[in-house]
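There are two complexes below, and they share chain A, which is joined by chain B in the first and by chain C in the second.
Now for the complex of A and B:
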């Protein structure tokens, strides 16, 4: 009599090969952080491979052209809407920022609110890593202007914290850059908020 | 390649370009482990980094190109070049990236920059299978790379060595690796797998065992540990070592991505160890899963197999019948999926299911796609690297298509603005003409000359009386009339007394003129200078007003031309994006259909096995009766 095991035909090898994950574990070979070329993957039929390669090359060419096109569109937009003679750009940066967790910023120019921004965790993290946010881009006439920024968030001991900082800006002909900077005042264990002009 | 690794790949490729980059999947690293940020000397470069650190690579790249064109990042030129290479790489533009790194290395760059450029080149070489080139680039890195880049370099080096079959040197790389980073665990895992595959099983299992028993803290480490245990478990099964397999597979988490495979293997290990009753537990648990999972499919055969081992043939037969039904139902669903995919548009659900940002982790979101015929197997298809890359391309193209549509709308608005500016210029023209008409600048200039000449004459002759005030001039005139009247009077003491008083008055007035002369002359000269300056300003403004119409027309015309050119470029490229996205979809559809047909074949095979087993059971039962 044939054994039950033989009769049922254990789906052993078929099963193992079928389980893509297991196959991939050994086939791809590398659990690295890279797109390791699969040494054991069956080569696709040449027509299909050619089609894939062809599309991939088309995509690469297109992406490069799209980057260039977007660059030119960005430049046009800025030159048209914010000409250098009247342009003012306000940036926000965080230096260390141990004593303050940023939630939002409100920006006023000559007592008129021009920007209000709520930050996501991801954005705050990008600021902590050295990114600088272009918070506002606009136009100002030559002359004296008052720039006021209100920072809201959590201060020391997780308390709600809201502070303002002011700058009197003498706008001349030419683009003007302003930086809102959040840093730590180590001596008082308090955050410090500074608004300054870039020359 | 796993999805997690793919995600890490994107993040790392680009972040590697920065001295202060956190390296390993930055978002997962605690902020305190980050090196202090580099001093930003150009705010626009900081803006690029702001988007880069959020994995918004396309935005970061465009802003970088714009800022460079505007010459706004002069203090970060080399870094910016390196970053642009990394960004092109993360967008899948290998050739562009490679050209940038080679160009960068051809010039004089600091070692910190050249080291990272060589690292990138090594990575590209490895990814494209040029291992010798990759190794040469790695050899040219002189110093330790910053932050998490250094362990990644070592991992890359060990991977290249393994790819070249130089296992001994790869082991040397690992042996000197003392830090506790997850990179070393990856390297151990890779080496373990490579050794097992090369026939050095015991040595390979030793490395896998170390990873499989490591203390994990992050999800990434847990997943890696699971993979190591899964690999160990199945290898032990193949080596006919069920006890070792059970030990390894029991270490796999019950709620991870490898759970179903581990449950299946665990059942087989128990079965091999002649413990069918123990094998049933994991298999029955596994059978509760979705039939589209290959391990679940196999459990439909494994469960009745265990029953037969336990001589519970009635239950086994029932289970085989259920298996046949389940396979048939699944096969029908696959047919529906193939038909739906053939209809086209099956990838559009991806764009609806995932966030519109360039989040590198978006592949994970595909687990949540609706259970519709065209999307049901999408997540399983992602096991294929080729499918992942194609899907990324497709998604990128669709996002860029939306981006082009937004620009098209903006350009229409810009066009409107230009038209409004032209209209305003037309409306200003009569006022401009009127102003020009009534402004007689030459007459004013002539008058200025006359006054200046007169002042010079006064100064030359020191004519103090010429600078008398109105009252003084009247007084002087009155005095002269009085003197004439006095002269006409009869001579005598009275006339002499009056003449004397007139003489005193004259002296007083002359003294006053004389004493005030210098101040008055300076005042006149200052006034003349002011009016000369005002005339010069007027000349300038008049010239501007005269030119204004022409300049405004020129500006608006130049902008209008640029808008028209860019609109034409959008019109030209948009159909190509559409065509390429469709071509990409066709390629992916073919891959998907190929994979689904393979699944169908497997199901057919399983069905045949189940039917055969069922027949055998009936046959055995009949034989027993006989």
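Now for the complex of A and C:
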């Protein structure tokens, strides 16, 4: 099935899907209409059912092709908007997170805020289950850049907790992937915030 | 009083266009509630949602909030999800009003009026009825939402 998320921003594709749906309905109707007069001539009912099934299969194939096309377009869009030569992606993950209840993350690149995200309980649970969030996707020219992440939430003893972590990123030609990682420092019973670059 | 009037004067110019039309998808947002939890509208897909924008200086807003509280009390767990969005930009004031009205549903604080702008709030209160697919199915602006009509539409959406 094609989800609404996939169709977001592609009204023409939504239109195509609607046309495919209409075609299925129309074809089914036509099959019924063809079956109607033959009912008086008492043809086998299975013929109409086979015709409907065939149309249904055609529509399913058409929908699959649309999903594939949509996926290819998304990839193309990403390659055009964020070419590999300048692309920078920032991900967030939580490892255990016993000592820190995440509330929000603010991300700054070269002192400019590029992302601010408030986390709901469900989203935090998803991160605790091992989910990795793509927090930011953008472009940076080659050179040295400073990435600063501010983490807000509840720390040990349910106190308000706000920490920052910095990474100096040497951007060359090629995509760069950065991970913001929240983990537990068991020795000091405190959370640890790390910004690291994926090799 | 002066502070409330000033807050109103500051908020009102930020909110001067038409709200989302019926049938359009209600824009998603995430805001912090006065109890400290963050709530995202999209997480209520599958439920009927009543979203009400209000400010402490707005009289009809309090009437609407009281009506929504009545809906929450009458319908219990089978009722719609009720969300109030305060546009004062002051969580303490929003909490104070919510407490004084004994609101039993979450009060979200739109401290930067970003959601108010997203929804093009033209008049307060603005009450939106959102169906299970996240589409706006009813909107009442500038006056308290008529309780019988709102209740009827909620029942209609829930029966689908």
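Operating definition for what follows: the second predicted complex is superposed on the first by the 133 of 199 C-alpha atoms of A that agree within 3 Å, B and C clash if a C-alpha of one lies under 4 Å from a C-alpha of the other, contacts with A are read in each partner's own complex, and residues count from 1 in each chain.
One rule holds in what follows: a residue touches a chain if its C-beta (ideal position, glycine included) is under 8 Å from a C-beta of that chain, and two chains touch if they have at least 3 such contacts.
Since this is a predicted model, take the numbers as computed values, not measurements.
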Taking the superposition as given, does A:177 touch the first partner, chain B, the second, chain C, both, or neither? first
May I ask you to decide whether A:55 touches chain B, chain C, both, or neither, giving the answer as first, second, both or neither? first
Once the structures are superposed on A, label A:103 by its partner contacts, choosing first (chain B), second (chain C), both or neither. second
Quick check for you: in the superposed arrangement, does A:85 touch first (chain B), second (chain C), both or neither? neither
With both structures fitted on chain A, tell me whether chain B or chain C touches more of chain A's residues. B
Just checking: does A:122 make contact with chain B only, chain C only, both, or neither of them? Give me first, second, both or neither. both
Partner chain in contact with A:72 - chain B first, chain C second, else both or neither: first
With the touch criterion stated at the top, can you tell me which chain A residues are shared between the chain B interface and the chain C interface? 122-123
If you look only at chain C, which of its residues touch chain A in the complex? 30-32, 37-40, 43
Within their complex, state which residues of chain A touch chain C. 103-104, 118-123
Interface residues, chain B side, partner chain A - complex: 1-2, 5-6, 8-9, 12, 20, 22, 24, 26-27, 31, 34, 36-38, 40, 43-47, 49-54, 58, 61-63, 65-66, 69-70, 88, 91-96, 123, 126-129, 152, 155-156, 159, 162-163, 186-187, 189-190, 193-194, 196-197, 224, 227, 230-231, 234, 258, 261, 264-265, 268, 294-295, 297-298, 301-302, 304-305, 308-309, 380, 383, 385-386, 389-390, 393, 396-397, 400, 403-404, 407, 410-411, 414, 417, 559, 562-563, 566, 569-570, 573, 576-577, 580, 583-584, 586-587, 590-591, 602, 605-606, 609, 612-613, 616-617, 620
What part of chain A is in contact with chain B in the complex they form? 4-5, 7-12, 14-16, 18-22, 24-26, 28-38, 41, 44, 48, 51-52, 54-56, 58-60, 62-80, 89, 91, 93, 95-96, 122-123, 125-134, 177, 179, 198
